[in-house]
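Read through the structures below before going on.
Each of the next two complexes has chain A plus one more chain, namely chain B in the first and chain C in the second.
Moving on, here comes the complex of A and B:
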């Protein structure tokens, strides 16, 4: 029985290794996706339209204004003495960023007291918003250090940030766990669906079914090699996220890898299920894409926050495995929490794995065998 | 060999009222027949007559709606597992893996049927020399060679019965001839050959044939007896007469 399965797994591994083009794409995909999405999200923002509110112009405030001018990324659209006249411009979308200096800014800088600046940002696109914030802060920090190195009392500036339109800021950090889910779904569901339906289409599956190979052995044999590939993909995605984007990694790597494997198994089972219920490779591929990719990107909280969705979609998101995996991955990577906090989500994933596997094997037996 | 001698008296396949319905459509309608061990049995019929459905039931791919059958002395319903080890199957479609080499394909099926590595190595070597093949990618082989290889692989685990579903479709006459020589060689070694075909000249090569029409077996016997009985010069003629009743 073991040797039977081993022979079958060997064959599957050979299929995968022999199709160099697909293999290359599969192995590079996580890297390309992390890099593309990562850079797309922290895109270099130019020509930030800036409004400066300076109620009491002074040499100190003018120096700061000059710095914003000179930074290159900002275009000062308007300078005013009061925030109230800036507000309508924000709403009309005429400006992206407003820097508002306190009335006693210069005096506080002089005396070494914390000087306050309010940075208001149009964060309707959260990623651009965070980039703009980073630029503005950088200018302020430079100014601070510059003055500090000259004057005797250290200059302290206390910038306060207001994100307009979207106070909960999404960032590349939140995105990486979603990307891992996406890559795993793609490799696991899509590739098994294609690989199994190919056997169906070419008639090789019949020969396997006439042989002593049992349906579960065929499924396990199909799933195992792709599980290995998915594992390699998680490592690549994590490494890329860590090395290129310095995404924090606060929790247990082992736990994340184990959770990734559980999540891959759900996707693999879905792939098998799709293959058993479709007639051709082409249809299997399309159905697998629709059934996994779309929910995994749109209904998982990966791109769009679930909290802001209609109730129906929120309920629907509960059956999307990616949602649970993303909660787990974010928890482990960004918050550093362990199984004590994530046991419920893990249990949901394990349950889904078992359920889908069971349905897949049953469907396989009923439809094919 | 005495084993073969006693076996030849046995029946390799016994089908009794074997029936398969798909909804309202009866693909195979109460067919009853038997195949003797070591026989080359030709299972003829027009497209859609129910040949493939029948073969799929006998190989355990499809459960019969009614009736019973014994394959290699085992009950089709209750002993499917054991039957799988004793039969070989070659379907209409070429069913080896094109992206694997000849030896890799042999190793796969050898492994699936539980042969030891040494047995696989031994049989691979003799198969390659018998076919005059070198170990190359299966996709590079011409169709005729592929079919011969597929047949050899179906015989790899030395099954008692081998089911061939239109094995010579699209193959040139010379290769078809060589293919039938391989079938005879297998039968001479005691393997029962159950073969469906479209080529009526091939029907003449069989020990016995049955002709299926609309899910039923219209007639059955040796080619010679049938020609005599229906007073026709060839099986081709007989087939046309049965398949298209005037």
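Moving on, here comes the complex of A and C:
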């Protein structure tokens, strides 16, 4: 029995090895993604293109302008006397932020009446927009403070801020665990679904079924090579993250690898399930995309924080295996915690694996019979 | 011409025959729009605070009340021990710790300066950063009010009065930003992936060889493959645009024909890419995989999720030749800002250039391979 299984696994491995193109991409994928995520995907805002509207330049407005120049983050692209010429620049996407100063700025600052400043942002990107606005605000507030108070010194509360687990707020530290989940999903679920449904489309599955192989052996044989591939991918991604970006590994690497295998098995089971329920490769691919890729990128907390989502989606995210895996991977890598903190999440993953496997094998048998 | 008509009929028949695929294709934009538009947000709603108040004074309680009243912070636990608080961060029961030292009130009253500790779970750095800025603003506002209370003076009128306005998206609604991007993703997926899969399928089944030995000219074959997919992608795009307008209330400030014109140009490139992929692969599995790989890179480097200008120089240069980037710029500025044809001339030109290059290369490659 073992030897038939071994023969079948060998056949599958040969299939995979023969397809050089796909194999190259499969092995390169985690590397490219880690590099892309690490270098290119940054949500921090640098180099804000600023327009200053200054109807009556005086020493105070010039001082404020210098502040913006000196802040390092701003490039003053244009200075104008009227707001009306600024608007077209927004529409062309030439500037991100406009600061409009009051007429007779210096005189107002000196007298009791406040000088008004309007900060206008291009809010078609609300995230970046509000971040930029906060930076501009900080420059102005600092300027106001340095002007000095007219009364006694004001009360201060100094917040001492500590960012634990990721002090430099590197986004790559956040993305790597999610990335591993994504790669595993792609390789495990998508590839298995397509590989199985391909046999179905071509009719070779029937041949396999009348062979002495049992249904579970067919599934195991299909799944095992991909599990190996997935494991290789995890290793590449982790190595790249460690060597290129110095992502910390505070916890146990062995535990992380074991958890990765468990997660791969859930994805594989889902892949098998999709294949048994669909007739053609195209449909299998679309269903697998919809059922695995979409939730694991969007509803897993990989890119977008789960806490910000509406209640319904938060509840829905509980059935997405990637969510649990990402919590585990981040916990191990960034916080350095072990099973004492992660037993619940691990248990959920194991439970999901068993459930999906059971359903997959059952539905496979049902289709066969 | 007659050949093209017959071939087109065949393609449309084939597409409409596969009901499952068709349903999927129509369902996809809806699900994506609905899920993505509410899931894809970096907005921070409420953060869970673990409180370590070792002062227990009216000033410290006032600060906590302020945080709570802002609606952005929820106190989920408290004790006098920083160790217990750290444990709450580790087990993900809290997002941040607010530590108030003993003698906080005394320091404020006597020295006019006190300090508090803010410890964040910075696993998600961006999230922690935003939460931090909210907390700081509230603390600063509280300090100003304390000032007025303690010095018994009228709150001094500020020297500078700041107002802010967000143009093109007054309420800073993240959906308005994401939805145009999602529409682009939709066009890319249907355009490239389906084109690649469709042609490779004929290859895999062996019908491509049959077609190649018929007197059908190559140009007619390619046109017959691309036109139906082009029309389907445009219909899907129209549905998506309608859903975003009427279901999500995303305004369309600019001209709708201009949006469709840009979409058409964009699709030429997307379909070209699909055609090119189909020439270099042999199986649907490969086609799917390569498309997926390329699309992922295209989308990630396009500014869909993170601003292009935050990327390093070299990545920005690569993004210049990325049609997805230009199309996203176009659709966002036309929909939200009402940019006209002249405003988007440059990205439109880049789009046309990359599209034509992709299509030409693909057609040439196709010719070579079939010969």
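By definition in this document, the second predicted complex is superposed on the first by the 241 of 369 C-alpha atoms of A that agree within 3 Å, B and C clash if a C-alpha of one lies under 4 Å from a C-alpha of the other, contacts with A are read in each partner's own complex, and residues count from 1 in each chain.
Just so it is clear, a contact is a pair of C-beta atoms (placed from the backbone, for glycine too) under 8 Å apart; a residue touches a chain by one contact, two chains touch by 3 or more.
Worth saying up front: this structure is predicted, and the values here are computed from it rather than measured.
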Exercise for the section: Have a look at where A:19 lands relative to chain B and chain C in the superposition and call it first, second, both or neither. Expected result: both
Exercise for the section: Based on the superposed arrangement, let me know which partner A:91 touches: chain B (first), chain C (second), both, or neither? Expected result: second
Practice task
Please work out whether A:67 is in contact with chain B alone, chain C alone, both, or neither, and reply first, second, both or neither.
Solution key: neither
Practice task
Figure out whether A:212 sits in contact with chain B (first) or chain C (second), or with both, or with neither.
Solution key: first
Exercise for the section: Look at A:299 in the shared chain and tell me whether it touches chain B only, chain C only, both, or neither; answer first, second, both or neither. Expected result: second
Problem - First (chain B), second (chain C), both or neither touched by A:6 - result: first
Handout entry: If touched residues of chain A are counted for chain B and for chain C, the larger one
Key = C
Practice task
Return first, second, both or neither, reflecting whether A:365 touches chain B, chain C, both chains, or no partner chain.
Solution key: neither
Fill in the blank from the handout: Overlap of the chain B and chain C interfaces on chain A comprises residues 19
Practice task
Please name which positions on chain C make contact with chain A in the complex.
Solution key: 18, 20-21, 24-25, 27-28, 31-32, 35-36, 38-47, 63, 86, 89-92, 95, 108, 112-129, 132-133, 135-136, 139-140, 142-144, 146-147, 150-151, 153, 156-170, 172-174, 176-177, 197, 201, 280-281, 283-286, 288-290, 292-293, 296-297, 300-301, 305-307, 309-312, 315, 329, 332-333, 336-339, 343
Exercise for the section: Within their complex, state which residues of chain A touch chain C. Expected result: 19, 21-22, 25-26, 29, 32-33, 36-37, 39-47, 90-93, 109, 112, 114-130, 133-134, 137, 140-141, 143-144, 147, 149-171, 173-174, 186, 190-191, 194-195, 198, 278-279, 281-283, 285-287, 290, 294, 298-299, 301, 303-305, 307-310, 313, 327, 330, 334-335, 337, 341
Problem - chain A contact footprint on chain B (complex, rising order) - result: 59-61, 81, 84-85, 87, 89-97, 99-100, 104, 107-114, 163
Exercise for the section: Going by the contact rule at the top, pick out the chain A residues touching chain B in the complex. Expected result: 3-4, 6-8, 10-11, 14-15, 18-19, 202-204, 206-213, 369
